[in-house]
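Heads up, there are several structures right after this.
You will see two complexes here that share subunit A, one where it goes with subunit B and one where it goes with subunit C.
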Partner chain A sequence: MKMGIICVAFIGPQNNPIYLRSMDPATDDQYLKLHYIVHCALDAVEEKVLLKRGPGDSQDAYLGLLYPTEDYRVYGYLTNTHVKIILLLDDEAPIKDEAVLRVLRRLHSLYVDTTSNPFHKFGLPITSPRFDAQLEQIVALYPRPGASLGGFTT
Partner chain B sequence: MSGLQPLPSPAAVVKKPARRCAEVCLEFLCAESVRLFHEKQSGPAAAAALEAVGFRVGQQLAERYTRDKSRLGDTLEIIKFVCKEFWQALFKKQVDNLKTNHRGVYVLQDNGFRWLQRLSVPAAGSDPAREEAARQVALSYLHLPCGVVRGALCHLGVSCTVEADPKHLPSCTFTVRILA
Partner chain C sequence: MLRGGPAGARNAPSLEQINAEVFTLTYGSIVRQLISDFEDIEEVNKQLEQMGYNMGIRLVDEFLAKAKITRCSSFRDTADVVAKQALPMFLNVSANVANWSPDQTECSLVLTDNPLADFVELPEEYRELKYCNVLAGVVRGALEMVNMEVECRWVSDMLKGDDCYELRIKLKEHRDEKFPFKDDD
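What follows is the complex of A and B.
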């Protein structure tokens, strides 16, 4: 069954993994593979950022499709604080950029709220159950292939 | 404060008003934290501790205030962001003057620094000893905001030191030195 979002990862400014979560039970034991794909995505992120340096290019956080692998498509998002949010999708249908962007924006908001916790330590992985739960809710908003597209508000 | 609410059904969309807090609470908190830290520790240690608190807060505020902003490019853009949007959000006004020697030193001048507004100022022309004492008191209140500015800048990728100089209260300059 095609799932949509397979994996969500947050990488810190020193390219340190802050959070990596498989959303698909089928890939639960493939964390090494997911880490590898996300790690390769970091190079693609740097490339995209360099390419966008020209005048008149939009300097958004959303980087769009970074690269396709054989199983997944990898999407990237770079915040001003150099945190990268990487999404792995296995949706074979044409991907709607706006849907991915909405998910990434909400993930960014979640990250900002989580780091605002006075007990949060930058650089260390996020281990909050509340973060896990809210992340699942956000991922559930991404339209699954075959599901209806009703009720999606930004 | 929870990050996200689950989507409510369309019929029951009630927008919760943004939570607000009286500014005096922040003023009291800052004043009390300065007093507390200086009571528990001697001068430089208290200063370092306050600066460290400010540093963490600055990092977190940088995350929040840059969330919806398009990507900041070089160091100058980041400093300008701090002078404008960051200062506005934190101190209710923008920095009044920004100077640089183009060699990694930036001087931010605020002619009415909000966190010093409550300090009593010796009358102009009073003897220098009183003015110096007032200046020292002001310096002890500036460790926290210096930490906030340094935390924000470092978190945005600009590694630096931040020093404050309360020239003529309540006007204050902040000197940012970029570390190589």
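What follows is the complex of A and C.
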């Protein structure tokens, strides 16, 4: 299953950044741009949430495609504790929603396991090496057509 | 997710069960609270061991009441019972006994899975913390109640990067039954 995952971000309930990781070496010097895109995504998340609050809508975690930018597609996922998971995919092949949902569910599960650590501090950025390694594993299941893993964490 | 009611250990009778995550998170909170109360990691290790000791002296009666085992004829038998019956009954994990010393007074209990430490990642500043020290205390307390004085210490810890949890048990002495009255009264 090929999916160009450029960036993974976790934002906390107070819109505080918990984790932002670029998975693509080509974007190493563009961390500001990625931060900016993720920040804009938060507005899109709030819009979607307001739209969904209509009568009869189910409280779904998966928000789908939030908005396309010139190089990326931004997908969002909102947990019941208001943690947002933002996924930036590159604009190449068309991706099925279910595949993105699977990735986001795995990331959610990883987040839950990490916060179950008694030494985890809520609200602060995640610095655990185990989290980094498992995130890489999840992303590695969906390789970019062509490239290898690289990138940076902020 | 439920623990207890072991699938593998046929000798261990089932006890009341508790959700494994509640158990793990409770223990994690206790350790965290001890660290913030005592601040000195060595002191926390001692407290965990003492807590374990207090649990062990009580658990051993429960174990002996529920498990149908015969009298252990040697320390070797005792170690096997702890590893293959007691640990599965209370923690639903089984351990192996290994690394016997030549005079048969020292051995290791090796565990590859430890429900106390699920999800735990030890931060750098708590490198000296023996997270599972409560288990060392439990074994020491339990064996003391059956007249064996032992010393237990952790030699391997998966939270610190090793590939298993290894608890070294050293038999110091068999204490004879003390009678409350003297013979020549």
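Convention: the second predicted complex is superposed on the first by the 138 of 154 C-alpha atoms of A that agree within 3 Å, B and C clash if a C-alpha of one lies under 4 Å from a C-alpha of the other, contacts with A are read in each partner's own complex, and residues count from 1 in each chain.
Here, contacts are C-beta pairs under 8 Å (C-beta built on N, C-alpha and C of every residue); 3 or more make two chains touch, one makes a residue touch a chain.
Keep in mind the model is a prediction, meaning the values are calculated, not measured.
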Task = Would you check which partner chain A:Ile138 touches, where first means subunit B only, second means subunit C only, and both and neither mean what they say?
result = first
Task = Between subunit B and subunit C, pick out the one touching the greater number of residues of subunit A.
result = B
Task = Mind working out whether A:Leu110 is in touch with subunit B, subunit C, both or neither, as first, second, both or neither?
result = first
Query = Taking the superposition as given, does A:Thr79 touch the first partner, subunit B, the second, subunit C, both, or neither?
reply = first
Query = Of the partners subunit B and subunit C, which touch A:Phe119 in the superposed model: first, second, both, neither?
reply = second
Message = Quick check for you: in the superposed arrangement, does A:Gln30 touch first (subunit B), second (subunit C), both or neither?
response = neither
Request  = Classify the contacts of A:Thr69 with the two partner chains as first (subunit B alone), second (subunit C alone), both, or neither.
outcome  = neither
Query = Between subunit B (first) and subunit C (second), which, if any, makes contact with A:Ser128: first, second, both or neither?
reply = second
Ask   = Which parts of subunit A are touched by subunit B and by subunit C alike?
value = 113-114, 116, 118, 120, 130
Task = Please name which positions on subunit A make contact with subunit B in the complex.
result = 13, 58-61, 78-82, 106, 108-116, 118, 120, 122, 130, 134, 137-138, 141, 151, 153
Ask   = Across the complex, what residues on subunit C touch subunit A?
value = 21, 24-25, 28-29, 31-32, 118-123, 126
Inquiry  = Please output the residues of subunit B touching subunit A within their complex, sorted ascending.
reply    = 1-4, 6-7, 10, 56, 59-60, 62-64, 66-67, 69-73, 155-157
Message = Can you tell me which positions in subunit A touch subunit C when the two form their complex?
response = 113-114, 116-120, 128, 130
